[in-house]
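What follows is a group of structures, each given as C-alpha cells.
One chain, chain A, links the two complexes that follow: it is found with chain B in the first and with chain C in the second.
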Partner chain A sequence: MSFTFPHLRRAHRRLPTALWSILASFVVGGLVLLSTGNNPLTAYRALVSGALSLPNLPDTLNWAMPVVGMTLVAAIPLRAGMLNLGGDGQLVVGGLVAAIVPLHLPFTGFAAIIISMAAAIIAAGLYALLAAWGEISRGIPMLISSLLLNYPAVGVASYLVRFPLRDTTSNLPQSAMIPLDDRLPALVGPLNVGAPVMIAVALAYVWFERRTVGGLELRLSGINARFARYGGIHLARQAYGVMFVSGGIAGLVGSIIVLGSHFRFIDDGLLAPSFGPTGFMAALLAGGQPLGSVAAGLFFAAMQIGGVGMQRDTEVPRVLTMVLQAITILLIALFRRQRTDRE
Partner chain B sequence: MSNLFSVILLQATLQAMTPILLASLAGVLCARVGVFNMALEGQMLVGAFFAVVGSYYGGSALAGVAAALVAVLVFTLPLALGTTWLRGDNISICIALNLLASGLTSFLLRIVFGVSGTFSDPAILPIVKLRWLWLRNIPVAGILTWAQTPITFLSWALIGVVWFLLFRTPIGLRLRGVGERPDAAQALGVDVSRYRIVTVLGSSLLLGLAGAQLSLGTVSVFSEDMTAGRGWIALVAVMLARSDPLWAAAACLLFGFTDAIGLRLQSIGLPNQLTDITPYVITLIVIVLNSGRSSIRLRMR
Partner chain C sequence: MAAALEVRGIVKRYGALVANAGVDLVVERGEIHGIMGENGAGKSTLMNILYGVTQPDAGEIRLGGALVRLRSPLDAIRNGLGMVHQAFRLFDSLSVWENIVFGREPVRGWVVDGRTARAAVAELAERFSLSVNVDARVGDLSVGVRQRVEILKALYREARILILDEPTAVLTPREADALADVMRALVADGRSILFVTHKLREVLDVTDRITVMRHGAVSARLETARTSEQEVVRAMVGRAVSLDIQRPDVATGDVVLEVDHLSVKMEHGHSAVSDAGLTVHAGEIVGIAGVAGNGQSELIEAIAGLRRHAGGTIRLRGTEIGGLSVGARRRLGVAYIPEDRATVGTAGRASASENLILGFQRRREFQRWGHLLHERVLGWAQRLIVRYDVRIRDAQTPVDTLSGGNLQKVVVARELEHQAALIIAEQPTRGVDIGAIEFIHRKLLEERARGRAILLVSAELSEILALSDRILVIYEGRIVANLPSREASEERIGSLLAGGSGDAPPVEAGPLRAPSPAPSLSDAKLRDP
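Right, the complex of A and B next:
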C-alpha cells in the first residue's frame, strides 16, 4: 500500500486520553465516596488488592472470559462504525440453546459439546442478523433495533425456563442439569476450557484486523463508510458478516458459561453480572481496536472482581466499579479528538 | 374479549403513555435542533430516582418533582455541552450517560437507602391524583381524566405547546433552522451552540417530569432500571413521527396502549415474562411496517 491511514499513525496518541480518563474517573468516584461518607483510599486499596492478590487471580481470569468475549462482541462492529447494542439478547439466546441442545442429543461427550456450542453460536449469530437485515433492507437504524431485540429474547428465555423447560426437581427458575459428560472440562480452579477458547477468538480478531483484506476493509468502513463504498467495499455484505460474527461470539460466551460454569440455564444468571454493558464500555474505551479492547476488557474485569473484594472489606457497593467505568467512557466521549471525514 | 377492551384499558393506556410521551416530546425538541438524543432512558431513570429521594426527604411529592428536575438538568449537562462546545461524539456520550444512570442510581440506592433492587416506603409521598367530580358524569372524558396526575394533564398540554413553539413562533423557526441547516443558521446570526444547549437542557426538564411520573405517579417506588426501555420506545416514537410532536404523541398513544394490553393480558393469567415483552414486540413490528421511508445514516461516520 502506498498510502497510509491517518488513524493508525494516531493510534499511539489516543492512549493518554484513555489513561487520564480512567484516572479522572477514579478522582470523581473518590469525590462521590467522600460525599457519601466513605474513605476513598481505603475503598480503592481494597479494590486493587481484591483484583490482584494471588488467591483471587483465578477468579479474575474466570471473570475475564465473558467480559473479554462481550468486549469483542461490541468491538468488531464498532471497528466498522456500527453499533451492536443487542449483546445481552444474543448472549441469552446462545446460553439458552446451549442449555437445551445437550438434553436432546442421543449421545454425550466431546461431539455433544461441539454441537451444542456450534448451535449456540449459529442461533445467536442469526438473532444478531435480524438487526443487520432491518438496517440494510428496511432502513431501521441498527443501534435501535439491536437494543429493542434484547427484550423479547430475555423475556422468552425467562418464560421458557420458568414454565416449559423448568427443572421440576428444584424451586428455582432454571432448566434441567446438563449431563456430566457434556460439560466443559475444568483446567485450574474455576477456570475451564472456555478461557483458552476465548483467547483464541481474541487472537483471531487481532490477526484478522491487522493482517487480512477483510480487516483492512473493516477499518476503512469504520473511518469513512462513503469512501469505503466508493473504494468497492460491499457494505451490506460486510454488515451481515460483522453482525453474524459479533452475535456468534455472544452466543459462544453464553454457551461457555452454561456448559462450563452453570451447567444449566438460570434465569437472569447470564445478565446479572453485567458482562454485556461492561464489555461494551471496554470496547468504547479502546475504540474497537483489537489489542486495546482486550486490554480494556481485562482491566474492567479486574476492576469488577476488585469491586467484590471492596464490598466485602469496606461495605462500599461493588456497583461503584460500573459508575467508574461509565464516567471513564463519558470522559472519553467528551474529550477524545474526533475522527472526521476530513482527516 | 369484550372486557379486554374496556374504558379502564383506555385509562391504563393514558397512564402508561405519560412518561413515554414526555420523553418523546423531549426527543422531538432535541432532534429538531440536530441533537440525536439517545440518552432519554438514562435521563428518565435519574429523574425517577431523585423524585423518590426528594419525596422521601422533602416530605412532599412537589419536593420530589423539584429534585427530579434539578437532578436531570445537572445529569444532562455533559450531553448539552459535549455535543456543542466540546464537539464530542453524540452517540458515545449518550451510551455513556445511559450506563452511568444505571450504575449511579443502583449505587446511590444502596448508599442512600441501604437496599438493592427495589425501594418502597410509606414516607415516599406519591403525586396526588386529580379526581374531578364535575367531569365525572360526562361519559368518556369523565373516566379518562379520573385519577390521573397533574403531570399527565401537563403532558397533554405540552403536545400543543411543543407544536406551537416549533411551528408558530420565531424561536421555533430558528430552532428548526439550527437542526436543518446549522451553517445557514449561523450565517444568519443564530448562535447554534446556544440554541442547542438551551434546547437540550430545557427538554431535560420533561424527562425529569417523566421520571417523577414513573416513580411517584402510580406506585411510590424506585426499582433498579425501572425505566425498562421506555426511553428507547420514546426514541422510536420520535423516529416514526419524523420529529413531529403530534405524530409522536400518536405513536406514544399506541405504545401506551400496548403497555396497558400487556398488563391486561397478565391479569387474565398469561405469564408476565411474556406480557412484559408486548410493548417491545409491537414496537419492532411497527418499525418494520413503517420502515423503508426513514433516511438514517448507515454508519456512525
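Right, the complex of A and C next:
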C-alpha cells in the first residue's frame, strides 16, 4: 500500500514510540514483581498465554469486540475534531432497544435479529445526534452535552428494567430473556458473530478514512475546522453524520452484547466492564488515527483478558495489567511531549 | 567616538538552518538605520539577538564601544535598547501612563506614586512632541497612538537605541508620516533607530543608511542618499525585479458581483459594515482600500458566506447568493484567497495535495462513488506545484514546513484553479517576499485578462493603486468613496482612509455618508478626554 497521505507516515514513526513505551512499562512492572518476590517471566508468560493461547483466544476476541467498538465510537469524532463523551449512554440505549424489540416482534429468527440490531443502531445514533444538535443550533458544547446525556440514558434504562420491564421470574434488575431464535449465532466458545461484524465495521472505517472523499473531509475538519469551512465543507452536516455513526456504533456494540452474550438487558451489565473508558483511552492514544486506534483497542483488550489468566495461574493480581496500561499511556504522552518541545 | 551599536560576526543556527551567518552591523549615534530583507533573510533573528530574546552561537555586540552580553530583554533594556514590536504589548484596560511606567513604577513606600509617574510620562511626551493623552485608556486609542505609547515606554526606560519592527504596517499614510517626524525628533536627540521594514519607499524616505540582508548575511550596506529602489531590491532579491506593473487595458464585461445595502452586525450589536454597495465587472479589478479594522474583513466574509449579514443583497451574475452556504457559493463561482493563510487558507498538518484539493474533492475527475482517486489527486497537486512554482519537497509533504511566500502560493494556486467568475483576494501579498509578490500580482492580472472579476482588499495602498481599475475606500464600515484608478492618488486615498473628504467629491457614488470633519483618525482620537 502506498502512503499517500502524511498522517500514515506519521503513524509509522509513532509506532516505535508506542512499542518502546509498552516495553518500558513491562520492565517497570517486572521490577515491581521482583520486589514482591514474584518471577516476572512466569507472570508475563501467564499474561501472554492468558490472552493469546488457542483456548483463550475466543475469550480475548469476545472481549475485544466491545473494546474496539467503543474505541471507534471515540476515534471517529476525534478524527473530525469533536469529542463524544457519551459513548456509555449510547451503548445503554442500544442495548436496551435490542433487549426490548425482539420481545415485541411477531416473528423470530434472522429477520428479528437484523431488525433489533438496526433499531439499536438507529436509536443510539439519534441519541448521539441530540448532543450534536445542542452544539450546532443551541451552542451547548458537545463535550458537556454528550457527557451529561449519559445520565438520563443510564437512569431511565435502570428504572425500566427495575419496574415496567422487569423479568418477574428473577429478583435481579434485568429484563426478560430474549427468545432462543433471536440470539446471535455462536461461533467458538463465547465468541459469536458479533466479533466478525465489528471487524468489518473497523475495516470499513479504516477504508473510509483513508480512501474516500468523506474521509478526506473528516480529516481536514479535524486538522483545521476553519479551513474546512472556508473550503466549503458543511461542518454542521458533517457533525451530524459523524455523531450519528459514532452513536450508532455504540448502539451496535450494545445490541451485540445483549443479543449475543447477556440475552437480556441487565442493569449495569453493559457499563461495569468499562468498555467506554477503555475505548476512549485507546482512541486518544492513537490520536483518532484509525489503524492505530484499533490496534490500541486490541492491545488493551488482550491485556485485560491476559490479566485474568495471569491471576488464575500465578499469585499476581490482574490489577497489575491496569498498572501496565497506565504506565504505557503516561510514557507515550511523555515521549510525544518531548518531541513537540524539540519542534 | 565609538558607534552606538556595533555587531560583529553574529552567527545563529537552528538545526541545519543558518538564520544568521556572520552578520556585521554598525549603527551610529543619531542615525536612522534601515534593515531590509525578504522574509527569512534573518532580520527577525538579528533583532531578537539584539534585544536579548535569543543568544547568538558566535559573534559580539558592542554598545558605545563596550562589549556586552544580552541574556534577556531585561538585560537589553538595562543596556539602553528598546524595541517596539509589530504586535503591541500593552494592557488595554490600563491608562497610558500606567502602561508606560509598568515594571518601573516610582514608589513611595509600598505604593505606586501615581502623581510622579504621571508627571514624568507627560513631561517625556512633551519633550519629544509625542502628543498623547496620558490618562486615556489604551484600549480606546487608535493604532497609531498606541504605537506612540510603545515608543514612550521604551524612552521611559531610557532607550538610546530603538528597534522598530515593521512599525508602519498598521498605520495610515498620515500616521506613518507622523511616525517619521517622531523618528527624526528622536535621532536629533542623539538616539539611534533601527528601522526594520520591507517597504521600499519608507526606507528611502526616512533612513540615513540601509543594511540589506539576504540568506542570513548582509548583502549590501547603502547610503540612502546615494542609492535607488532598484539597488535595494537587487540586494534583497539577488536579481533585478520589475516592480512597475503593466496593467494592459481589458474590456470589462458584465456585472459579476453586485452588493447592495449590505450590513453586517457583530455579536454585541454594533455594525461592522453599514449599507455597503459595490459592483465588480468581468475583467475588472476593484480594490478596497482601508485601514485594518474598518469592516473590510467582515464585508469579504459576508460575500464569501463565512459570516451572516444583517441586511442587503449579494448577487453573483444575477443570482442572489446571500442565503447560500459557503460550498454553494463556491460552486456558483466564488474563489477566495483569505487574509490569513495559516489559520484559514491552509491546514498545516495536512499535505500539499490535501490542501490543494479542498473544494475540488467532490468533482467527478477526482472521485468515483465517493472513492478518492489518489493518483489523480496527486497528479493534480504536482501540476499545481510546478505551475505555481511552490518550493516543496513533494506533494505529500505537510504544508506547515513552507515559508510564507510558498504557503501563499499554495492558496493562490488552489483558488485561481477554480476558474471562478469572482475572485476575492484579501491581502494576497501580505508578509510574502518580493519574488512572490511579483508572481501573485502577475497571476491576478492574468486572471483579469481572462475576464474574471477580482475584488482586491489590501492594506498596502501601493498594491491597490497598482492593480485596481477602480478603488473603493472603506472607513468605519462604510464605503466612502468609489474612484476610477486614474482619479486616485496616494494623497487623496490616504486622506479618505483616515475619514477625510479626499478633497474632491467621490464619483459614481455608492451610498455615501459625509465623513466626520476630523481630518485624521489619530487626531480625532487624541481629542478624546
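Methods note: the second predicted complex is superposed on the first by the 268 of 343 C-alpha atoms of A that agree within 3 Å, B and C clash if a C-alpha of one lies under 4 Å from a C-alpha of the other, contacts with A are read in each partner's own complex, and residues count from 1 in each chain.
The criterion applied here is as follows: a residue touches a chain if its C-beta (ideal position, glycine included) is under 8 Å from a C-beta of that chain, and two chains touch if they have at least 3 such contacts.
Predicted, not measured: the structure shown is a model, and the values here were computed from it.
In the superposition on chain A, contact of A:193 is made with neither chain B nor chain C.
Between chain B and chain C, it is B that contacts the larger number of residues in chain A. Applying the stated contact rule after C-alpha superposition, one finds that A:103 touches neither chain B nor chain C.
Look at A:217: by the touch rule set out above, it reaches chain C but stays clear of chain B.
When the two complexes are superposed on chain A, the residues of chain A that touch both chain B and chain C are 223-224.
On the side of chain A, the complex with chain B involves touching residues 32, 36, 80-83, 85, 134-135, 138-141, 143-145, 147-149, 151-152, 155-156, 158-159, 162-163, 221-225, 235, 239, 277, 280-281, 284, 317, 319-320, 322-323, 325-327, 329-330, 332-336, 338-341.
The residues of chain A lying in touch with chain C in their complex are 2-7, 9, 211-217, 219-220, 223-224, 226-234. On the chain B side of its complex with chain A, the touching residues are 38, 78, 82, 86-89, 91-93, 95-97, 99-100, 102-104, 106-107, 110-112, 116, 229, 232-233, 235-236, 239, 271, 273-274, 276-277, 280-281, 283-284, 287-288, 291-296, 298-301.
On the chain C side of its complex with chain A, the touching residues are 304, 306, 325-327, 329-331, 336, 338, 343-351, 353-354, 357-359, 361-362, 366-367, 370-372, 374, 377-378, 396-398.
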